[in-house]
Structures are given as structure tokens and as C-alpha cells.
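Given below, in the form of C-alpha cells, are the structures.
In the two complexes below, chain A is the common chain; its partner is chain B in one and chain C in the other.
So, the complex of A and B:
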């Protein structure tokens, strides 16, 4: 167990192991995304009330779910780097922020596009949507804050604090559709109790959620790898990698 | 397959524009997410390799500069 943590702190080991994970996880992820997208787009029946516009659910919900989960990843990594000063946790936090921002962006844009035919408006300032917008700003804030500092150690600390403070937003997003009256529909999938979605729509949706989780993992690992190389540019293993052909 | 024809797929009873726009934007962002780190890494390694080679061949070798 402890040797595992010890190895986790070793950049060359992390670089190698993430490379071998990505070799199979990346193709599987892309395949799952392709299957899920086509399934949702072409093979499911339309919703009886919303018609075909509901097909946006297959990207909107997975993006939103993983955007929230990604925030936990970022905040927990921030906490670890703050408390135990683990460099790799700092790398993970920095790498997670742009991915989370992209997913939140997808959730907001597809939500707006879905809102137009369904609610008759692109945007409403209700609790769910506004708190998602705050999530986007939190992610972008971490990205910008990191770049704003010349001293990367100070940058890491500031970003860790910002992401930890921002976690108050996450339960607000989850609960916003129950706490406030909203145009946004409440959750259709529940871990406890009956889901309010037909199985024929549930399965492609679950596939897409899984695929988005895998996508987040892939992107996180890839971002971490390129960040690792930059930070370790003066070490022998990175120099060997650079001279041994730039394709690795 | 739920739809009968390609035009039905594109039209989606009037919702086609919305659905396809949402999927197109998502796909674009996902491709950028997947491609960007690899490109960044490749560029970085090429630059580093160039710096190292120059440092090695130069008369006033500045190894630590790389």
C-alpha cells in the first residue's frame, strides 16, 4: 500500500503507467462515445412530450454529471496538495480544471439549445442554470489563477483554496431543482427508488454517462502527462524521452 | 433505427437544427479536449530535443540552460 503511494509520487512511474492505461482506455472510450451517440441519435424513440429535441439529453446529462464529479476530483486533489504537499496532486488539480470547464460549457450550451424548443427560451436565471454558470466560472477561475502567478507553488496553493471554497456550489447545484421552483426538470435517474425514465432511453444514457467518465479520465491523464514533462524538463528521463523521438 | 429516411434524421420533426447543433458543438469540444494534450506534449518534446541538441553541439555547451 505504502509503496503504491510512494510510486504515485514518482513522475516517471506515473508517466509510464498512465501511458499503458491510455493505450486501451482511449480506444474503448471513443468507441463507447460513438456507440452511445448513434444509439441516442438514431435508435431511440422520441419522447412523447418533447419529441426529438429530448435527444440532447444523451450529451447534456452526461456532460453535467461529469462536470460536477470532475469538480470533486479537482477539489480533492487541491486538498491533498495543500495538506500533504504532494506534487502529483497539484498536477492533477491543474489538469482537471480545463476539462471541467469544457464539460460545464457543453452542459450549458446544450441546455440552452434544448431549452429553446422545450421551454421557449434559451436562458432563464433559475437556480440550476445559474449555479452551473458559477461552476463554469469556478473552473475558469482556477485556470486563470494558475496562470496569473509566476511562482507555481503559490499558484497551486491559491487554486487549491479557490477550488475548496467552490465546493459549496456543488450540493447547491444538485439540490437546486428540489429547493427552488424551476423550469428545469428534476433528476430522472435515481439511485434509490424508481427512475422516471424508460429503460429504452435509460440504457443509452447510462452508456453515455460512463463514456463521459472515461473521457474525463483519459483527458485528465493526458493533461497530467504533458504537465509532468514540462515540470520535469530538466531530469534525465524527460531528456531521454525528448531525444529518443518526440512521438512517445 | 427509429427514422425512415435520411431527411427524417436531419429534420427530426422540426427539432433537427437544435439536436444537430447541440451534437456538433459537443463533438467539436470533445475533439479539442482529446487532441490538445497530445499536440502540446509533442511540441514540447520537439522543442526540448532541439534545445538539447543545440546545447550539445554548441562550443559553449550550456547543458543547464535546457
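So, the complex of A and C:
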């Protein structure tokens, strides 16, 4: 247990292990995304009221779910780097922010595209939509704060504090559709009790959510690897890697 | 040094609370010596209030509808603009570093800074807000809710704003960044603050919204000083 914990703090080990994880996770992710998209877009029945336009949920819902979960990943990584001073947690936090921002942006854009034919408007100032916009700003704030510091060690700590402060907003965003009954529908998928979505639509959606989680993990690991190489550019193991790569 | 100071009863280091009050007094004295610094947020408030009838048109009923939101947004902006300066002076002349090195609990010291900031901006803005509310045709029945919501809400704004100030105090170009960091966190306060006034305008109870603002204040008083203290330590090290 402890050796694993110590190894986690070693950049070359993390670089190697993330490489071997990516080697199988990346093809699996791409396969799951392809299967989920084809299943959702081609092999499910159209919704009886919304017709075919509902199919955007196969991107919208997974992106939104993972965007929220990504904030927790970032904040928890930030907390770990503040409390135990683990450099690798700092790398993870820094790498998670832009991915989360991108996913939030995708969720907002797909929601707007879906809203135009369904609600008749691109944008409403509804609780869920507004709070997702706040989430985007929170992510962008972390990215901007990191860029503003010249001292990257301090930048990591400052971003960790900021992302922890921002977690106050996350339960509000998550629960906003239940607390303020508004234009955005409440959650259809429930862990407890009956889901209000037909199984034939639910299974491809669950597959897509899983695939998006895997996609988030892949992007996070790839971002972390490039950040590791950047930070450790002057060390022996990176030099050895670069020379070895040139020969191979 | 502490030992020799301790042997002399006259130079006993002050207790945590006494130190906190002294710090608060110092901040207030510093502010009172530059009265224009206290006047500026009020002047800003007055000027931005004047912008809205120019931009939206002077129709009284229209302005009355927007008044709760307008007043709250201006209070929020003037809070944002002043929070940038809370730690900057003391950071630049080194007294903040001395404060961090001192054995006094940083939690309480930070609260003293925030209290001074709130007394000089939030409290004053809340007290003069009825004047501007009347200028914007806000119904008289909503004035109480406006003042109460601003009193509670601006304290939350000061606490949260100081988190941003602490994180950016060491940066040369902090001004724009602090708004990006802090505005998302201000939004919940704005929602409930203006909702309280709106409820009073519509004749329903503002109490529930004020209660939520009070709950936010409790949470912020308990947690924000921790984040501010951490932010100040990071900024001093950077």
C-alpha cells in the first residue's frame, strides 16, 4: 500500500504506468464512443414528442455529467496537493481544468442546439443553464489564475485553494433542477427508484456516460503526461526517453 | 525576543481577540485618514445609478421593475472593485508578511481586515441605498428588505471577495483577474439578494431569502478566512 503511494509521487513511474493504461484504455474508449454513438443515433426509436432531435442527449448528458464530476476530480486533486504536498496531484489538478472547461462548453452548446427546436429559443436564464455557465467560469478562473502566476508552484497552490472554494457551488448546480422547477427537466436517471426514461434509450445513454468518463480519464492522463515531460524536461529520465524515442 | 518582552508586564503580547480589535482599529484609522477612499465607493454607486436611467430610459415604472437587480448589481460591483485593495497596501509595505510571521492566529487577523472592509463599503452602501432606491422608484415597502439584504449580503461579498484579493495580491496584473475569480462565487448571493427585494416589491415575504443570505453568511464567516489565510501564505511565498 505505502510503496504504491510513494511510487505515485515519482514522475517516471507515473509516466510509465499512465502509458501502459492508455495503451488499452484509449482503444476501449474510442470503441465505446463509436458503439454508443451509432446505437444512440441509428438504432433507437425516435421520441414520440421530440422526434429525432432528442438524440443530442447522447452527447449533452454525458458531457454535462462528466463536466461536474471533473470539477470534483480537480478539487480533490487540489486538496491532496495542498494537504500532502504531492506534486503529481498538482499535475492532475492543472491538467483537469481545461478538459472540464471543454466538457462544460460542449454541454452548453449542445443544450442550446437542442433548445432551439424544442423550447424555441437558444438560451434561457434557467437555473440549470445559468449554473452550468457559472461552472464554466469557475473552470476558466482556475486556468486564468494558473497562467497569471510566474511561480508555477505557487500557481498550483493558489488554484487548489480556488477550486476548493468553488466546490461550494457544485452541489447547487447538481441539485438546481430539483430545487428550482424550471424549463430544464429534472434528472431522468435515478439510482434509486424508477428512471423516467425508456430502457431502449437508457442503455445507449449509460454506455455514452461511461465512454465519456473513460474519455475524461484518457484526456487527463495525456494532459498529465505532457505536463510531466514539460516540468521534468531537465531530468535524466526525460532525456533518456527522448533519446530512446529517437532511436526507436 | 518574546521571552524578554514577556518579562516586562507592560509589554505583554496582546491576546488574540485584543490583537484582532487593534488590527481592526488600525485599518479603520488608516481609512478615516483618507476620507476620499471611503467616499469613492459611494460616489461610484451614485454614478452607476445615474447610468441606468440614461441607458434604459427614464420611464419610472420600468426603472422600478429593474431597481432591485440594479441596486444589487451596483453594490456587488463596488464591493468587487474595492476588495482588490484590501491587502495590497500591507502586502507592498511588508506589514502583511510581519502579520503572517507573528504568533497571532491568522484566522482572526483576516477577519479584522474583512470587518474593516465591510464597515467601509458594505455597511455604508446598505445605509445609503434607500436614497438611490427612491431615485429609481423602488416602492417604499421594499426599502427594509433592501437594506437588510444588503447588510447580510455585502458581508458575504466582502468575505468572498477577500479570497480573490488574497490569491491575487502578489500578482502585478490582479485587477481583471480578481473579477474572473470572484464573480462566479458572487452569483448565488446576487440571486438571493435581489430575490429578497423582488419578493418585498411583490408583497410576499422576504424572510426566506434573507434567511438563506444569513446561512450563506454563517458558512462564509466560518470557511472564507481559512481560504484567505491559505491564499495569503501562498502569495507571500510566491
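By definition in this document, the second predicted complex is superposed on the first by the 245 of 248 C-alpha atoms of A that agree within 3 Å, B and C clash if a C-alpha of one lies under 4 Å from a C-alpha of the other, contacts with A are read in each partner's own complex, and residues count from 1 in each chain.
Basically, a residue touches a chain if its C-beta (ideal position, glycine included) is under 8 Å from a C-beta of that chain, and two chains touch if they have at least 3 such contacts.
Quick caveat: nothing in here was measured; it's all calculated off a predicted structure.
Look at A:42: by the touch rule set out above, it reaches chain B but stays clear of chain C.
Chain A has more of its residues touched by B than by the other of chain B and chain C. Those residues of chain A whose C-beta lies close enough to touch chain C in the complex are 82, 130, 134, 137-138, 140-141, 144-145, 148-151, 153-155, 157-158, 161-162, 164-166, 168-169, 172.
Across the interface of their complex, chain A is touched by residues 1-3, 9, 12-16, 18-19, 21-23, 25-27, 29-30, 32-34, 37-38, 40-42, 44-46, 48-49, 52-53, 64, 66 of chain B. Interface residues of chain C facing chain A in the complex, by the touch rule stated above, are 160, 163, 167-168, 170-171, 173-174, 177, 180-181, 183-185, 187-188, 219, 224, 227, 230-231, 234-235, 237-238. Residues of chain A that touch chain B in their complex: 26, 30, 33, 37, 41-46, 51-53, 55-56, 59-60, 63, 99, 102, 105-106, 109-110, 113-114, 116-117, 215, 218-219, 222-223, 225-226, 229-230, 233-234, 238-239, 241-243, 246-248.
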